[in-house]
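Paired with chain B in one complex and with chain C in the other, chain A is shared by the two complexes that follow.
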Partner chain A sequence: MNLLQYQPGNSFLHRLNPITKLAAAFLYGAACIISGNLFLVTALIILMILIAATAGLGGRALRLTRNLLILGALMFIIQLFFVRSGDPLLVTGGFVWVTTGGLVSALLLSLRVVAAMLPLMLLFAITEISDLCGALVKKLHVPYRYAFIVTTAFRFVPLFTSEFHDIEDAQRARGVEYDTRNIVKKVQLVAPLFVPLLTSSLRKVDAGAISAEVRGFNLRTYNSGYQQYPFHLADGAAVVLLVALIVVSAVL
Partner chain B sequence: MIQFNECSFRYQGGSHNALDGISLTIEDGAFVGVTGASGAGKSTLTYAVNGLIPHHFSGDFYGSVLVNGLDTVEVKPEELSRFVGEVFQDIDSQMVSSVVEDEILFGMENFGVPHEEIGRRLQQTLSLLGIEELRRRQINSLSGGQKQKVAIAAILAMRPDVILLDEPTGELDPESSVMIFELLKTLNREFHKTVVVVEQKIMLLCSYVDRIILMENGHIAFDGPTAAVAGEADLFRAQGINIPRVTELGEKLTGMGLYHGALPLTLDGGEKMVREVLADA
Partner chain C sequence: MLEFKHVSYHYPATPPVIPDLSFKIEKGEFVALAGSNGAGKSTISRLSNGLLLPSSGEVTVGGFNTKTTRASQIARKVAFLFQNPDRQICQNTVREEVSFGMRVQGFPEEEIKARTEAALETFSLNGDWSPFTRSRGERQRIALASVLAGKPELVILDEPTTGLDYKECTAIMDHIAKLNREEGLTILMVCHDMELIQSYAGRVLVLNRGTLLGDGPTRQIMKDRELLSKARLRPAQIPNLALRLGAGFEDVYTVDEMAALLQKRAGHKEGEE
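What follows is the complex of A and B.
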């Protein structure tokens, strides 16, 4: 969760329109997926980390890359044994385990996954969810109802966890021992907590719905929001750059 | 003006009436406290005023409730919320935003307050509650007292005539509780809002409100001016509501034949009583 948290700032990236940021993250990811060039994909990962660094998020980008690389490695291993084309690389007892084609396609796939996910995850670091939803409602006329559901879900995560710890503490006070290393035992202990957690969460959601209802939620239109999300020259420039990137990666 | 006419309500699946034949009138500009044991129906009473009963909570509704002459059964809750705002009992789950400013904007945006007016009202509301510096803060990083002020601000920004508050000091320390009641007093006295506050801390109620309603199992066990509470102390004790200590002291002094005046409800009144007793001695 921490790696996805919004980090306030006033950098060039921060100041872009939320919709531009969303589009840019997708376009960048698309460029990485379209490209069949290993070196370009690697370069795009490095470039993304550098771009993130301009918003003071270099460290975060590196940590995200590391975590995504672990995921990538997993996909690499699976892909390695499934694709068989080109020359055999690893042969034991007459059975071909790995081929050159498999190696290249596995490497490409896993790097593409890393490269495409990275900008999407960094999006959350430079955009507040409420701004993203607000802009989607105001500019793209996404129904407010959906935007509200998304922002509420994000808001509830910390409430949910603190509630969980409260219940856990209450149980602990009754002598339940949670600090066990045995994973099966731990699951057995924690599972029953989900019922009270769910009931209390549903009650909270209902209370939230009531509070929204009596404050005129049903009267809201896409134009109700006070916050404006104007597009600037920089937004246009960013989109042009990204379209160019897509063209380049499609050609290379 | 709020008018209950023989109003009863039973929640769907409920075993008894949460409201049971309530008749009462609350005049414009009143400052009323509602108290009673847990489950007495205090929250339900507030829901009857803002139309959540019967529009949101289903059940059997009898009698009628009129708010500014509008029958709550006939108009929708959002229509009523132009006159009535409620700060709910659960402080956290009534928030709809993560940032203070957005929370206060929410109602104004929904009701289509013109955008130039919204900015002005936001500023006014923040400064009235003294929370200008919280404007860009994350709500979940605030203290209980600050959250309570934000919740009140979110309601005030919609400019309702009537403000309902359901145990606004439930999770606050004594100091913040006093602060909230001072604020309610200002809203009532200077801004002429009708304030109805549900509160368990009887001492606080007695020090601020003009009229107290005691609820018991869905009906009204006592309804009168605050000064009359002392004379009916047993009614309150029967509901597990602790009578102010100064009142108990007054009862003791009266019992001992040392004091013959009206029983005090506030610290000031208590001081006056003690001075009288000492002067006589």
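What follows is the complex of A and C.
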């Protein structure tokens, strides 16, 4: 969760229009997926980390890359044994385990996963969810209802976490021992906690829905928000650059 | 029973909520912890039973140091009632809920049965009810019954009566007071309702921004208007009225005392005429 949290700032990236950021993250990811060039994909990962560093997010980008590499390694292993084109690389007792084609395509796939996910995850670091949804409603006329669902879902995550901690505390105060190493026992102990979590969450959600309704939730249109999300020259420039990047990665 | 020795506490990445706190509560006392919102009352109550550990200093409760004892072990001696009963209730029937604490603490089965039935009786609860559909007051009573069923030595109550009507509130408080009187149960009650404190607590700790401003018998604290206003608390009505009336009313503290004194004065006047 921590790695996806918004980090306030005033860098060039922060100041872009939320829609530009969203589009840019997708275009950057698309460029990585289109490209069939191992070196280009690697370069794009490094470039992304450098770009993040300009917004003071270099450390976070590195940590995200590391975590994504773990995921990539998993896909690498699976892919390695399933693609059987090219020359045999690892042969034992007449059985071909790994081929050159498998190696290249596995490397490419896992690096693509890292390269395409990285900008999307960094998007959350430079954009507040409420801004993103606000801009989507204002500029693209996405129905407010859907934008609201997204913002609310994000807002409920920390709420659930703290609620769950409080529930756990209430049970610990009654003598329930959660720091056991026995997984089966742990599950047995934690499972009943979902009952209070569910009841109190449903109560909260219900109250939230009613209070939204009585404050005129249904009257809201795309034009109701106070905040404006104008596009600037920088937004145009960013989009042009990214389209160029897509062309380059398609050609290379 | 409970002692804080130069305790400080800060939540991760915040300035200290409690800078340096020391106090001691003896067995059998009924102590109220009063303070305005955000004064640190809930933090102190969580420090008291090992749910939070002090950043520095020591908390001892029932002979245990909270740093070296598990919260679940402390739970045998120290019961904790949260403001919101819904965080606690997790079983399908009231009977299972009331026996749950004793069961996880490993009480023998017969004892669990006997104590559960006794607790259901004293708190006028039906063991077959589903706790989730009961009223707020009843849910609070169920939660209280289940923390008290294991016969703890100290009970910490974090705002036990918020959201309860007068009848539920007095029912719960009277029961707690009775256990305090008759069985020597020690009580630490977090509260900012000065009327409730005046009616039940023998001693008050006055808290402001994590610092103890005052500590003394309820009668004395209620008269200290300067102290209370510093802690952003309002004295209970009768002591407040007595302070206003000034000379002759210094020792008046309860409704009964006020009524008696006023009647006596009225009687004097009639006699003089």
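To be clear about the criterion, the second predicted complex is superposed on the first by the 252 of 252 C-alpha atoms of A that agree within 3 Å, B and C clash if a C-alpha of one lies under 4 Å from a C-alpha of the other, contacts with A are read in each partner's own complex, and residues count from 1 in each chain.
Simple rule for what comes next: a residue touches a chain if its C-beta (ideal position, glycine included) is under 8 Å from a C-beta of that chain, and two chains touch if they have at least 3 such contacts.
Treat the numbers as computed from the prediction; the structure is a model and nothing was measured.
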For this session: Based on the superposed arrangement, let me know which partner A:R215 touches: chain B (first), chain C (second), both, or neither?
Result: first
Exercise. Touching A:G93, do we find chain B (first), chain C (second), both, or neither?
Worked result: neither
Seminar exercise, completed: Max touched-residue count on chain A (chain B vs chain C) belongs to chain B
Exercise. Once the two structures are fitted together, what part of chain A is touched by chain B and by chain C alike?
Worked result: 203
Problem set entry | Parts of chain C lying in touch with chain A, wherever the complex brings them together | 46, 49, 51, 70-73, 75-76, 78-80, 82, 84, 86-91, 100-101, 104-105, 132, 146-147, 150
Seminar exercise, completed: Residue set of chain A touching chain B in the complex reads 128-130, 148, 151-152, 154-155, 158-159, 203-205, 207-208, 210-220, 224-227
Seminar exercise, completed: Listed in rising order, the residues of chain A that touch chain C in the complex are 163, 166-167, 169-177, 179, 192-193, 195-196, 199-200, 203
For this session: Spell out the part of chain B that touches chain A in their complex, as residue ranges.
Result: 50-52, 56, 77-78, 80-81, 85-86, 88, 90, 92-99, 102, 105-112, 115, 118-119, 140, 154, 158
